[in-house]
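Look at the two complexes coming up: subunit A is in both, with subunit B in one and subunit C in the other.
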Partner chain A sequence: MDMDNFREMFLTEAAEHLQLMVDLLVQLDSDPQDQDGIDALFRGAHSIKGMAASMEYPETARLAHHLEDHLADCRQLGQISGVEIDWLLEAVDLLELLLGDIRNGRPERNVDSFIAGISKQPEAAVDCVAETKTVELTACGRGQLIQLQLQESVAIPGPRFLVLLKKLADLGTILESTPSTEDLLQGDAPNQLLVRLESDIPQQQIYQQLQQYSELQVITFPDEPVEEKSPLKRSPDKSVRVSTELLDHLINLTGELITNRYQLQNALKEDNWQELDDGVGQLARLVKNLHHQVLQVRMVSLESLAGRLSRTVHDLSRSHDKEIQLKLEGAEIELDRAIVEELTDPLIHMVRNAVDHGIEQSGVISIKAWRERDQVLVQVADDGRGIDPEKIRQRALEKGLLNPAQAQTIRNYDLLQLICHPGFSTAEEVSETSGRGVGMDVVKTAVERVGGVLLIDSAPGEGTRITLKMPLSLAIIRVLMVECAGSRMAIPITRVVQTVEISPEEVQSSGKQLMVHYQNELLPMLSLRKMLKAPKGAHLDPIPLVITEVLGRKVGLVVDQLVGQREVFVQRLPSPFDQIRGCSGGTILGDGQIVFLLDLQTLFDRQRV
Partner chain B sequence: MSKRVLIVDDALFMRAMLRDIFEPAGWQIIAEANNGEQAIAAYKTHQPDLVTMDIVMPELGGIDALKKILADSPAARIVVCSALEQKGLILEAINAGARDFIVKPFKSAQVLEVAERVVVE
Partner chain C sequence: MKQLLPFTVGYETYALELVEVQEVVENQKIYPFPGSPTIVAGAISFHGRIVPVIDLALLLDLPSGTLGQRLIVLVNQRGPVALGVDQVQAVINVEISPATQVQNYTERSYINDIINWRGKMVGLFDLDRLQLELESLCAQVGG
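Presenting the complex of A and B:
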């Protein structure tokens, strides 16, 4: 009997139950007498208890058992109170942490202290809820992830991080960190520090303490405490559940492919060209079908995120004492699971921002998803106070992101995109001036990592809309093929604004920088050859340009030749090629030629350093 | 009451630089020392709020002095001063208990930020 297999199954199923329980709890919050909901919750706890007990995970089983007992009482009462819902949500969080322990092969954490609190909790008077809540959060030993990044100007990051690690150690217990103290002492000079801290000091106070370090550029508390998402650990093999119907399809297709093979072999033996031709046609049809079906396996709906989003809004409206409604539309839209996973944190971050800075007392956050050709659009909108472009203009000037002439001519819309500039959005005072919080650059980077784009639209008093445009799948994407220094390269089409050819006379120079006019804007021209450190090419006339956007600003990328668009199957580069910066994958053309997929964002970043 | 700092550096120039940074900001320079032995003695006598400790000094070096001071007074707030390229020494000093570090050439704002931060801890 392969226990690993069972463990994987247990983890997948238990996680599904927990997800469902979170959804149910959030629903029950608005309808506390929903009998079916309470029943379903009870069944969830019951199932987890049974599974955990048979897998011999005593702590998980014990906690699930207590939950079950507690929910049995609620069933009898026929209702569930807000206090209980908060407590149950915490219990579910703790169960998730336990699953994380199991997944990573660690001993399960102890649940005694949490269970000890249970008998008190349901009777607790409403006015001491907040207090009890904090106590319990720490009691269940929930480590908080903290991510720190230094200003680029910090010359020796190693010692600085070591000081910060020691500082954090004063504030609580460091459960783990990347890099570790030992790594740092051995001279590691990382660009970021990731710490899992267990502490009874509120997050806000930890943040304030860290803010005293002007050397820090980014201080974030990544949301996901579950180890699965944490970059601290090698992520375990992920499993998906596939419907038997889909499996049957795949098996049928395999059968047809076998028949096809015999047909082709026969035709070859008999030199029957007609038969061979038919066979190849058949093969093409089968492969296309197979491709379609296999892609289906990778697709998940955004529904899987809905629970976490409602949960975030629920928690935030409690803690901020605001009345916030979450509207979800188009949650049935399906996307590649890798994209959905990458999107989770950015979406939660945007929702947080909307609550923190957009909505004043009460309001609506709506998340809408829809398809447009081979792209999926996700929009997070709030009806809060919006962003004042004047304040951004001022700030961009102060920060040197725009020169006075640019500040005069830039359109409001382009101005808004500057919020995502890393030099813009990290300072804490931005939240006051712009109404947006920290870390929009982080959101944008995450979206771009999966080949998407992020657009911001807002006006004072009219709320803020942030739209993400994403490819449907990471595996198969449309690319623009270009030629540069004798090689063919691909740029994801989502990154391309337009392709144009200009004559050399249109090029202007501003200091050392070559510029070109494009739709009433003066764009800097950058040479792909130069970025790739290839030798200078021959004089081009006309000059092929790829207009693309980097950090919210358009630039013209000079290539040797524009080849055309096509769909490609992107493959990850095997180690050590995955270390090449500026290259996010590769694909093999029909003639065996390997084409690299350019990651423009990283290439530009490298250029600037 | 103004905060009291003990400046330890074998170079008069560096001590003068630090004095120039601390005094206008309202700090009291309680004493100066030009090697580790002197630093230990001065710490005992004055019990300053903060020590800025150069690492490379003749006779007794900064890291040894820091260890000795901390052995007697574990709560001592010591910040080491060093040149950029002495990264290894800085790491060693932090590991030995230095609260923070400042790098030469000193920038007034940076020195004061570190000093204020360490003193309120």
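Presenting the complex of A and C:
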């Protein structure tokens, strides 16, 4: 085993220890005298120190040692204070940054200033932009981005911005700014300024302070810039821990498969059809079992996210001065690793929304996960002020997302789903008026990328519940096969409400749009042929319809023929073809036929443009 | 000295560097896929993978009605992706020098050089550029 392998092992184990320490710290915050917790923290620091020292990472070892000393004192005292917890959390953040340095082959950063008690490390926050994903979350959470734009009439923007920077420096610590003070002094005169400010003052007050400057046209608090990443591209050096029990299962199965092979070979030689038939039956069972076990290897429980979420709630409740309790339920539910990874940011975002806009002074955020057939549902609920549908209605009208007639008839539930519309949430004032919406389109996109669905339910004064319906596994999904314009295509079953066949007499028309009655609702009918720009097909009787839901609205999709359901192994299309809207991948059937997976959401979007 | 794989599209001859080619396949059924730009003829099943096929005749604006007769599957680092052409010819060894170079720029960004090979004009594909071209085409139908 070479040094790289050791390093990999060290990084994995150290990261696990750090994760555990964060969990413990958040728990200790509510129970500061938990002896076992303090002991476990001490052991974590001790292990990291030992490993780092033997791997010769002096700065990491030194910081871990410092933590260990500190925790030894806490152990003697028998308790740990809130201030200490915050300090320890910062130390853990710094350790994560150090691990990031090691991972990227950089020299470790110096920890002198932290140990000497100067805990704020401005360069850490600037640095973290280039960091890997995990580090970015912990470190970029520091500070708040503020974007300022002057009115066009301002003749000399440079000096104005210098004044504003000075004002902001009074409100907190400026971690970075674009352009920087130096650039401004040298006469750089942009029309906007981006500042990362670390401050104890709530956003609202900063906003009020800045509003006093009449020449400011726009004051916004943008979210962290989301790094452009291609869907589901994973960093290559990921390793998976497999329990020996599972590994033994796999080995046993392989053994059985070998036996099965000889059985089949013999049967073939002897022309023994009965035996051959038995053998193939056996093979089918084994392959199914193998498939199941291999998928197990990819499964991780949501528990891995719990620490991150508790930490977010802890930090946010401190910074917003609110009393927030986080309840987790069903964290033992397992999902495909890739889905859990893809879910991390959306969940944190939703928790953040709940703290920012939902909960007023004190409240409960509950995150619940449960299984329903081959789907996993994850719900983020708060008992805050909820969303007022009237405000969304107005907003949607202003933004032209609904015409006045639609705004009259749309149900409240359907209205709520509109906050995920990109056109809806880019407007910054939304966070003021509707209480929610910033970045919800990002959440929705992430959920849909892994084949999930997002539903919002809320009422004024009754809190907000956001439910994500996710497939259990990414690779193998159940689909509805349909035939259209001579091609076979598949629709993920999670997208299908129902399939029906109607007679042409049931079709009504309202203007140009054909409509059909379905369970007391009048649904618009859309032709898949038309959406795929295929020539018009023959007259159908009965008309096969796939009832599906798009942006919270049910529609009837007309196809040539309903073929049936089956499980398929989905391949993503190679880049750049995965960018094509309307198609989210494909599968090769047993006979070599390729069936493409329709991405109805993007296909509809395209239709509307 | 470069090893090139020449092929024809319509009446014109083009070539790729042999190291970029994984396999040449023929008579494959091409499955059209929903929402693709027109130059993407569809995809083939190639050793258990779904490989998109570019209709080079359409891309180059040349007449051709024999799509699917020969498909050049590029190496996996290139996607993989397959190029639909009319005929594939025997591999040639060429020294690219000013003597063989007819023109070192063309109106199509993904045609790198045009060389004179035994009296025949051969356009050399720049696959990095082609990739960029495809990216922008896919993004167009995407965005």
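To be clear about the criterion, the second predicted complex is superposed on the first by the 401 of 609 C-alpha atoms of A that agree within 3 Å, B and C clash if a C-alpha of one lies under 4 Å from a C-alpha of the other, contacts with A are read in each partner's own complex, and residues count from 1 in each chain.
Quick note on the criterion: a contact is a pair of C-beta atoms (placed from the backbone, for glycine too) under 8 Å apart; a residue touches a chain by one contact, two chains touch by 3 or more.
Every value quoted in this text rests on a predicted model; they were computed, and no experiment measured them.
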>> Per the contact definition in the header, classify A:319: touching subunit B only (first), subunit C only (second), both, or neither.
In response: neither
>> Looking at A:577 after the superposition, I want to know if it touches subunit B, subunit C, both of them or none. Which is it: first, second, both, neither?
In response: second
>> Between subunit B and subunit C, whom does A:503 touch in the aligned arrangement: first, second, both, or neither?
In response: neither
> Does the superposition put A:362 against subunit B (first), subunit C (second), both, or neither?
Replying inline: neither
>> Looking at A:212, would you say it contacts subunit B, subunit C, both, or neither? Reply first, second, both or neither.
In response: first
> Is subunit A touched at more residues by subunit B or by subunit C?
Replying inline: C
> A:163 contacts which: subunit B (first), subunit C (second), both, neither?
Replying inline: first
> Just subunit B (first), just subunit C (second), both, or neither: which does A:409 touch?
Replying inline: neither
> Taking the superposition as given, does A:588 touch the first partner, subunit B, the second, subunit C, both, or neither?
Replying inline: second
>> By the touch definition above, which subunit A residues appear in both interfaces, subunit B in one complex and subunit C in the other?
In response: none
>> Help me check something: in the complex, which residues belonging to subunit A touch subunit B?
In response: 155-156, 158-159, 162-163, 166, 170, 181, 184-185, 187, 212-214
> Across the complex, what residues on subunit A touch subunit C?
Replying inline: 487, 489, 532, 571, 573-577, 579-583, 586, 588, 592-596, 598, 602-603, 606
>> Applying the document's contact rule, which stretches of subunit C touch subunit A when the two form their complex?
In response: 29, 31-37, 40, 43-45, 48-52, 79-81, 131, 134-135, 138-139, 141-142
> If you look only at subunit B, which of its residues touch subunit A in the complex?
Replying inline: 84, 87-88, 90-92, 94-95, 99-101, 103, 113, 117, 121
